[in-house]
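For clarity, chains are labelled A, B and C in written order, and residue numbers in each chain start from 1.
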Amino acid sequence: MVSQFFQVFTGGILLGGIYGFAAFGLSITFGVLNILNLAHGDFLMLGSLVGYRIFLSFGINPFIIAILIIPLFVIIGVGFYLLLLKPISGKPPNQLLTASVLITLGASIVIEDLTSFFWPHPITGIDYSLPSLDLYGLVISETRLFILLFLLILAISIQLYLQKTYMGKSIRAITQCRGGARLIGIPISRISALTFGLGVAIAASAGVFYITLFTVTPVIGIPLTVKYMCIVVLGGLGSLTGSVMGGIILGIAESLTAYWLGAAWSPAVSFMLLILILMIKPEGLLGRK
Amino acid sequence: MSWIQRKNLYLIAILFLCVLAALPLLASSYALMWVFLMAVYLTLALSYDIVGGFLGYMNLGHSTSFGLGAYSTAILLNHDFGLALALFLATVFTAAFAAIVSYPFFRLRGAYFALATFGLIGLMEVLATNLQHVTGGSGGISTPPGDYMVPAYYLSLVAASGTVILSYFLGRSRFGLALLSIREDEEVARSFGVPTFPYKSLSLVISSVPASLVGGIYVWNITYMSPSAAFGLEIALSPVVMAMLGGTGITLGPFVGAAFITLIQELLWIKVAYFHVTIYGILLVLLGLFMPGGLLRTRWLWPVVQRIGFGEKIDYFKKQGTLQT
Amino acid sequence: MTYLLECKGITKNFGGLGALKDINIQVTKGEIIGIIGPNGAGKTTLFNIIAGALPPSYGKVFFKGHEISEKPAAEVCRLGIARTYQIVRPFNSLTTLENILIGLSFGRIKPPTYKKRIIEAMNILTFMGLGTKANNAAETLTLVEKKYLEMARAMATSPEILLLDEVLSGLGPAETVRAMDTIRQIQTLGVTVIMIEHVLRVIMELCHRVIVLNYGVKIAEDRPNKVASNPEVVEAYIGNFGMDEQETLHA
């Protein structure tokens, strides 16, 4: 009984890690661009599908795929930004909101519809498991452990990137004070494009792992984006630790709910958490007001 | 001059309504259904606009009120409640839900609010699918059969007209002015005494009423409702797109939006067999890129709209005559 | 004696930053008071606290003898303290008239009836010189007109105290004179004015008293000419005023 609970728990942490990771991509996008990308979840889905294709065709280790996929999606993301988002980036806040919602929602619809056309069948999880680890009677799948480790390393690298590199610091600067950043010469437009690319690539990378746990269909995009948004609100905007923490909390909550109440109720969990955090601490666990 | 134009507009509107009223005698049931659905969508678009347009909070989850109203009405109808009572109780329930939900949700702003309300629909769909003994699950719920097309048709016209009038007078009221001020600058509005939180909540509740009513009328007529019909993407997004296409915050907006969408449907979709959804998505993208304010706000059209009194300005002067300044 | 407005020991900290330290101010009815000081001295923060937009970390604010320190901005406004914003914030898509109507309809404890509302709003607009712009959207106004709109909107709430935050910045000489006249007229209507300003001439000519803030501390409070020759004030300001203003200081 305990081991089952533990299984569920660790599954939740893993799930949460993946969520938090992808959510962080959304968080930096919003912090820098002030645009909430409704199509974010779709990029995770695309990452899953592309990762799956590559795995099937070339048999490359998924961990390597997850890394390779990043530059690919950075390019896709930058293109997406330049084509669709840059034109509206100068607009005043209320117009920006309407425009960005319309554009990203429309994009999401288009992506999902076209993907449904080319991939009519749901993709079940990739099976690249390693033998399980037996730790004092508790069984942990080694794959899961590795994935978690991998995500951790990736997260730390990203955190270092944000702290140390010019790009990373620019992102933080723009998130905290846009006007000031512009004044000191940070090329907001270029950084925005790269940030969007990075955010989207992070989601796609997370997608490669997502497919090891879940079935991927073209329409999971929007519900996922909603979940990420809940995580971002939960953890606080712009904080990697916050997103990860929020993600893990959500992951555990979802796993436990699925275990006790049945999988059909999981989508409700993110919502309940969102409402809860909104009523108690609206700026998120680690957010600033 | 605007006064004369306004009078003409009223005449046209009344004439139009008379034609619609006579339709059951003249036209096929296909045409009736078409107008019925259009009335439903227009009601949804107009009621969406109260929060989305006047208040400036993009309530993408507006169809939650529709679905709740539909399901509640269906359940009550199945327990032998009369239509009037069923609609009434269902609407009270939906309004209460809107009031409660407004507490956490209005702590979000902008895109967060939009996405959270959008997610609410997904939650509702899950609930509708899972609470099987209440809602009939994914198979849906059926209400007492019968041919209610004609009375439902009239009811839908009443609902739509009522919502037009509601929207019109809201734009002229103190409450509506407050909503607009919240949209423009919520913090400043609050500092000038506008009770932002109660008003936001109230606007959500008000917008839920017409949506809930048409939900109930819809299910009474079609005698069937399923989670995807009540909470699916189609019913969620179409009214919003109509309102945005025409121009949010303008009473005339949804009509223009509806007309435009219908036009596209007739012209484009008949010719192109596939990728309807993709074209829809592309339409949204183009709208966002080039005309986020809506068709009615394009530069040459906007002054005309304002002059015939459908703009956002509150037209007190017509009543007061010219003021001595 | 009960002052119209009294600040006792107002202190405001933002995290580790002490924005205001132990500020004491007394205001009697009918005065025009100037608040000056270098940028970052805490002037707008003080306004925010008085108006109820921010709570003080320590200290209390009294209005007509009653404490209002913790009251929300909406209530403070209704009680009779109105404010303008340093960077104008009109309701952009609304017309000038509608902007006033907001202040009129919500900023008072007893708003006027429907019929009287327009007339009063128009009166205020005319008083501010915006009568012809009643039906124009606020965003179409020039900066100067927007500043008058800010003042008009605040006046629409029928205040006893008007907080003007750098209302005269960016105005040319002729516009400055006109604005000063308007403020004088506001004072004759019985409104007490507290104004943050950088334009020394205005301070000298309009204000009965001047309070000087520097790094969150009140370093001087006196009649304008006395303040201008106060060495501490001059030192705080060196570099912030242009050359000719410096000469006026010594005059």
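Criterion: contacts are C-beta pairs under 8 Å (C-beta built on N, C-alpha and C of every residue); 3 or more make two chains touch, one makes a residue touch a chain.
The structure displayed is predicted, hence computed values, not measured ones.
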Query raised in the report: Any idea which chain sits dead centre by C-alpha averages?
Result: B
Report task. Find the chain most remote from chain C, comparing centres computed as mean CA coordinates. Result -> A
Query - Separation of chain A from chain B, taking each centre as the mean of its C-alpha atoms, in whole Å - result: 33
Report summary line: Expressed in whole Å, how far the mean CA point of chain A lies from that of chain C is 47
Report task. Find the geometric centre of each of chain B and chain C from their Cα atoms only, then give the gap between the two centres in Å, rounded to an integer. Result -> 43
**Report entry** Where chain A touches two or more other chains, by residue
**Finding:** none
Report summary line: Shared-interface residues of chain B (touching two or more other chains) are 183
Report summary line: Interface with chain C, chain B side, in the complex: residues 174, 177-178, 180-181, 183-185, 188-195, 312-314, 316-317, 320, 323, 325
**Report entry** Residues of chain C defined as touching chain B within the complex
**Finding:** 51-53, 72-74, 77-78, 83, 85, 89, 91-95, 97-98, 101-103, 105-108, 118-119, 122, 126, 131-132, 134-135, 153, 157
Query raised in the report: Residues of chain B touching chain A in their complex?
Result: 56, 58, 60, 103-105, 107-108, 110-112, 114-116, 118-120, 122-123, 126-127, 129-130, 183, 237, 244, 248, 274-275, 277-278, 280-289, 292-293
Query raised in the report: Taking the complex as given, what residues does chain A use to touch chain B?
Result: 30, 35-36, 38, 84, 87-88, 91, 93-95, 97-103, 105-110, 112-114, 117, 222-223, 225-227, 229-230, 233, 264-265, 267-268, 270-271, 274-275, 278-279, 282
